[in-house]
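Heads up, the next two complexes both have chain A, just with different partners, chain B and then chain C.
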Partner chain A sequence: MLESWIALARGPLLRLALFAMALGLLRHVLLQVWEIFWALRRAGDQVVPWGLALRRNLEWLLPWRYLQRKERRLYNFTSFIFHVGVIVVPVFLAGHVAIWQQELGISWWRLPGSVADWLAVATVVAAVGLLLGRMLNQASRTISKPQDWLLPLLCAVPFVTGFWVAHPSWSPLGLQAVYLVHLLSAELLILLVPFSKLVHMVLFWTSQTSSELGWRFPPGSGERVRLSLGKDSEGV
Partner chain B sequence: MTRRVQITKGILWFITGLAAAVTIIRFTRGLGTTTALSDTTPWGLWVGFDVMGGVALAAGGFVIGAIAHVFKRDKYHHAVRPAILTALLGYAAVAVGLLFDLGLPWNIWHALIFWNPQSPLFEVAWCVMIYLTILFLEFLPVFLERTRFQALYRILLRMQLPLIILGISVSTLHQSSLGTLLLIMPFRLHPLWYTPHLPELFFVSAICLGLSMVIFESSVTAWLYKRKPNTDMLSGLARFAAGALALYLAFRLFDLWHHDKIGLAFEGSFEARLFWFEMGLSTIVPLVLFLIPKVRRSHTGVFIASSMGLMGFLLYRIDASGLAQVWATRTDYFPMWTEFAVSFGIVSFFALIYLFIQEHFPVEHEILDEEEKWRQRQLFVLPRFDRLTQVWLGDPTFASRRVYSLVFVVALVLGLTSTPWQPLVEASPVQRARGGDILKVGFPIGTVAFPHAEHVKRLGKEACGTCHHLHLPGDVGTPCSECHSDLYLPTRLFDHFRHVGLLGENASCERCHPKEGPRIGVTAKKCSSCHEKDMMAENQVVKTFEYLTAPGLSQAAHGICIECHKREATNPEWGKPDLFRCATCHRTPVSHGDVVLEASLEEIEDEVLQ
Partner chain C sequence: MQLGATSLPDVPAETLAGLCPPRLTSEKIQERLSYIIEKDRIAGDLPRRFLEVFAAILQHTNYRQVIDNYARIPARCANCSCACQIYQRTNAPEDVPCYRSDLLLEVYRRHFTLRGIVEEHLRITPLLTDEYILEMAETYYHCTACRRCTLECPLGIDHGLVTHLARYVLSEIGLVPRALVISTRAQLEGPTRNTSAIPWPAIADSLEFLEEEIFDDKSIKVKFPIDKPDREFIFFAPVSDYLMEAETLMGIAVTLDAIGLGDAWTISSEFLDGINYGLFYSDWILERCLREEVDQAKRLRSQKILIGECGHASRSAKAFVKTFGGGRDAPPVVNIMELTHRAFKEGKIKFDPDVVTERVTYHDPCNLARSGWIVDQPRELIRAFCKDFVEMTPGGKWNLCCGGGGGTVSVDELRPYRTHVVGSKKAEQIAATGAHYVIAPCANCKKQLREVCQDNGLTDVEVVGLHDLIYKAIVLD
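Moving on to the complex of A and B:
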């Protein structure tokens, strides 16, 4: 019974999730590039400081500047740990790389087992920490949407179950059941990437680039804004 | 843009997405994976619907051109540009559809260089290429009308009449040549469809289908863009269609009567029922409907009659190229969903291009003006919040781009997930080599002659390991069929339960699996680390033993035999330079009957052993 579910989760469902993520992300990137291109083409001021935009992107992609911020230092650090764990563990885990090698014949550097274990634990702790930080801060609580609460929790599930798959003796459930939960939760997460705020994994750079480009308006747009808002009679 | 257009475009994008998924698999994994075609049914839905039907669907271009320009009926001028656009896109769709169906699509240009004037397809290929060029030139003025290339525009307008006449003659040639294609199969095509007058029938049916398509398409665009349909023009076209249908009906029935085959239509067989269904749908009912003046003047009436005609004549093409051949081939071909997806996907994709051109170029001036007014209005609409994607959708063109791309990607993902990535090969078990001398593999694919004794004699006993590279533990010379037990499908070799039992139940896991980490196949020890001595033989080709699966015999034998045969072909000692050629091992049986096959096997055996 569980075997057939595992077979389903390892085969078609995994393929569905991976295809949905890859193509969904590709769609977001293409749409974004397309929109930036057209925004720039229509804009009155076409001089763009590309170097500055690139520098901003790199500054925010690498965590140094983020970690130097004075306010909410613990939260920022927790977030950093969480991101490292969420990226490094699934991509470089020895068991995962072995599956890639078996299925597609590609392989890369593997994370040593003990490092993977500690990093997984740190990630789960960081996910809980992030939730606490969000809960305890009035401002974050106000701007949070349901997905902000659910996604860290959902991220933690594959890590906990993955840890149990690697160390069956720690697991409260049977190996197969834990493995199935691991597969299904990870697939749900992958599937949700293009449909939730997780899409920032490919769109982070647009937040910086758009702030350079987005405020360039087509000539005469003030007039259009006035008409759209139905304030024809008032001055701009 | 009306809500109808948006929903229609959404549906079309969805079907296009499915087809895009199948396209990827079609061109990476081949026809075997994406179609139910076989050697007995090499023509399927793609030929019947996309090529045979598609060419005739696009016949509206030359028919309307003839009515409006040659016979000077001015009220049909409005229909010329949409009809030429349909024809242009229809022919492009045929070319694209053909790429899907050709086994070696990259050779499609061969008709240009390697001439075979005896072949009807040669004529079809050339006419389609020439006609596509003509259609493009006929339609070019639409693209140029509102640009600054007015000089070129006026020159092209002056060329319209000669181009249309050229188009009519080229169309006449190849519409009938499609029928000529079928003339070579009098014993395959059912007598109710086969006639020496197939070329003429195909031409007349193309006129009927083309007219139905023009009526259908102009009533659909009128509905989509909420315009008042041009009833005067539609009823006029319906009258022409009635004439063409009557001609087709008379021709078809007279031909059957003349060849004394009309009785076949009343036999009650599958073909007789199919014949009457097709005739009713394509000709009889639409003809009756078009003859009633009240129906001709009603929008719904002409729509229903023309769509029936459309489906009926498409069915005629599908019958002729497939269904009416089943009585002779006795196949149970039914298209896979991937074939439907590609057929409808090509139509959807070109329908989207059609709508795009209608909305951005002066094909029908009313639609373009309406669209431009709509686009101007949209500049002043506030952005809308989309609950599904949780984003502000910006201006409506941006919003529709987001929605359509989402629909497309969802369909693409669904398609990629649900399409098989491997050819659907039925199990074809390999028999143990008979008498140790001949390898008999799947009938009717062919027989492989393998003189075992001869190989032993030539190569010596030390060379056994070249082929017998792996044995059952403790065995020597284990036959190929033990592991490569299917001709094409891989076989799983490793028996987990057997190992668990032999090594001592749960305590023994760590003899193969690591202590830490997941206990799955890929992390376990290689088989050769225990079985190198008792299972592996010395071999130059297969050096490792770490696979848990053995490939099908076909793949395995090709790997091992050809490697050696290539090398030995250059060996002057044997004097057999052709050793590596297919026919060295693949001998075609004399006849396709079981008894004869056995006899011919013996013959081959004798011949090879001499």
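Moving on to the complex of A and C:
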């Protein structure tokens, strides 16, 4: 019984989830690129510091920037570890690479098993740490929305269950049940990417550029806004 | 993803009565936000009008791509709260930059994205109520748009930009501080063509008087060039420099004379006020002010625009003259401190280091320093004539706002808030330096810092412009 569920989750469901994610992300990227293209066309000043925007993005990807200051240092570092974990493990774990090879026909470098184990543990710890950091900081706690609490928890599930799949002796449940939970939780996450803040995995890259372009106004736009509001004859 | 604005669901008023917060009367609004523009402008259905304006602005500008991005990615990590001096002082949730920006972003999500529109229709009570709009009107004028928090956001969310946009939308439905509107009206549509509504003869008199002052102080004849064609620079300063902050203007005139540019600049009698409140609340105003400047440059055939000691006047010209003044052909924009600094590097200015003996500190205007544009130049100049210069910490790109940024300094009703909440860290900073002179090369910062010092008991501090002290220390051969 469980076996057929696993087969379903491992095959068609996984493909469906990945396909939906790819499609959703593609839509976001295309719309973003399209909007940026038009914004640039309309802008009166078309000089955009692309390099600076890119550099700022890269700066935030590496931890040294926030290691230098004391506020929320631990939180930001935890976040760094978490991000490394959620990117590296799914993509480079040996077992996953085997699936990619089977599905896509391409293969790449595999993460050594022991490193993967430690990274998985670190990711789970980091997920809990992120929740604590959110809970214990008044500002962060009060601005958080449901997805901010649920997503780290949901991210931890495939890691915990994945660890148990690799080390069944640690697992409180049967291997098959754990494996099924592993697959389904991962697929749910993948599916949620385009619809939640996880979409920052693609939109992050353009946010600095978007900000710069936001400050590039189209000449005459103020006048056109007034016109379309029927206020063209009104004064200041 | 990107659809037009939806109007609020058409539910009969009686059904809503029990569910919705009651409509606010314009008297109520006046009571809460006494500094907001004239009563008769804010009648009617605020939420509906807010959405109409928001939709029109999104359609005609470049904000949509950035707002859409911001609406989807926030991490809500609260990094920005560590950088905001308001939140650091109040610890109030509504002062977290991300919270404030989310007020507008949530309106965008609810009314301009597919998912939000569905959500909005599934609810009985709408998101956008009179109360919600008032909260925005209040909070977006608490934020000074200093953009310090932007340096801290890992996702690059620019809260200064969101504040600017929110104020723009609010201003088009009549929610904008009266002080800003009255000044702008005088500048763009009044007979005097400046924000303080001072008639030209009074300014001309004042300039003549300043020439005499300079002669008395320095025994040199310096003329303020008025309407001289074909000069390299056309000069715009905040109009207050012509009367209240005359030392700054005298310092600038003497400096330009000393470095051999006395015949290279001109003031336009038709439009001389560099103030541009559009940067704070309206793209429409921003463009109109800058077009005036560019037109004057054309009229007098000046090649470059020179801006006096003023943060927002400098930034608005530097960043937007290109936008509204013809792209690459637009006249370049220079700030006076850049010019003085260059002349100093070329050895064209000499200072007497024994004139200014008191301790001096320097306040970075956000609009000059946040982008790293003008940070080191004034410091090099100050060090050249002053032996006892102390830095405020943090400073430079990471400076704290004076507390009156974003035009709030003009709003007298906000003074207690500006000096005791937003400016209190600044007061601590100034006190910690033990300085007698605080140099603030910006008309807005000067006014605000004086009030900060007054209200926080810093009686020994004198707030001055950079060229005020240069005027004292410069050596003329």
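One rule holds in what follows: the second predicted complex is superposed on the first by the 216 of 236 C-alpha atoms of A that agree within 3 Å, B and C clash if a C-alpha of one lies under 4 Å from a C-alpha of the other, contacts with A are read in each partner's own complex, and residues count from 1 in each chain.
Going forward, a contact is a pair of C-beta atoms (placed from the backbone, for glycine too) under 8 Å apart; a residue touches a chain by one contact, two chains touch by 3 or more.
Remember, it's a predicted structure, so these values are computed and weren't measured experimentally.
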| item | value |
| --- | --- |
| First, second, both or neither for A:Gln138, with chain B first and chain C second | second |
| First (chain B), second (chain C), both or neither touched by A:Glu35 | both |
| Touching partner for A:Asp45 - first (chain B), second (chain C), both, neither | second |
| Touched partner set for A:Ala94, first chain B, second chain C, both or neither | first |
| Chain B versus chain C as contact partner of A:Gly113, first or second or both or neither | first |
| First (chain B), second (chain C), both or neither touched by A:Arg224 | both |
| Greater residue coverage of chain A in the superposed arrangement, chain B or chain C | C |
| Chain B versus chain C as contact partner of A:Leu203, first or second or both or neither | second |
| Residues of chain A at both interfaces, chain B in one complex, chain C in the other | 27, 31, 35, 145, 195, 224, 228-229 |
| Chain A - residues contacting chain B, complex | 12, 15-16, 19-20, 23-24, 27, 30-31, 34-35, 94-95, 98-99, 101-102, 113, 145, 147, 165-167, 194-195, 224, 227-229 |
| Chain A to chain C touching residues, read off their complex | 27-28, 31-32, 35-36, 38-39, 42-47, 53, 56-57, 60, 66, 69, 71-72, 75-76, 79, 134, 137-140, 142-145, 148, 195, 197, 199-200, 203-204, 206-208, 210-211, 213-226, 228-229, 231, 235-236 |
| For the chain C and chain A complex, residues of the former touching the latter | 1-2, 52-53, 56-57, 59-70, 72-79, 81-82, 87, 91, 93, 96, 98-99, 102, 115, 150, 154-158, 161, 172, 181, 184-185, 188-189, 282-288, 319-320, 322-324, 327 |
| In the complex with chain A, residue positions of chain B that touch it | 379-382, 388-390, 394, 398, 401-402, 405-406, 409, 412-414, 416-418, 516-518, 520-523 |
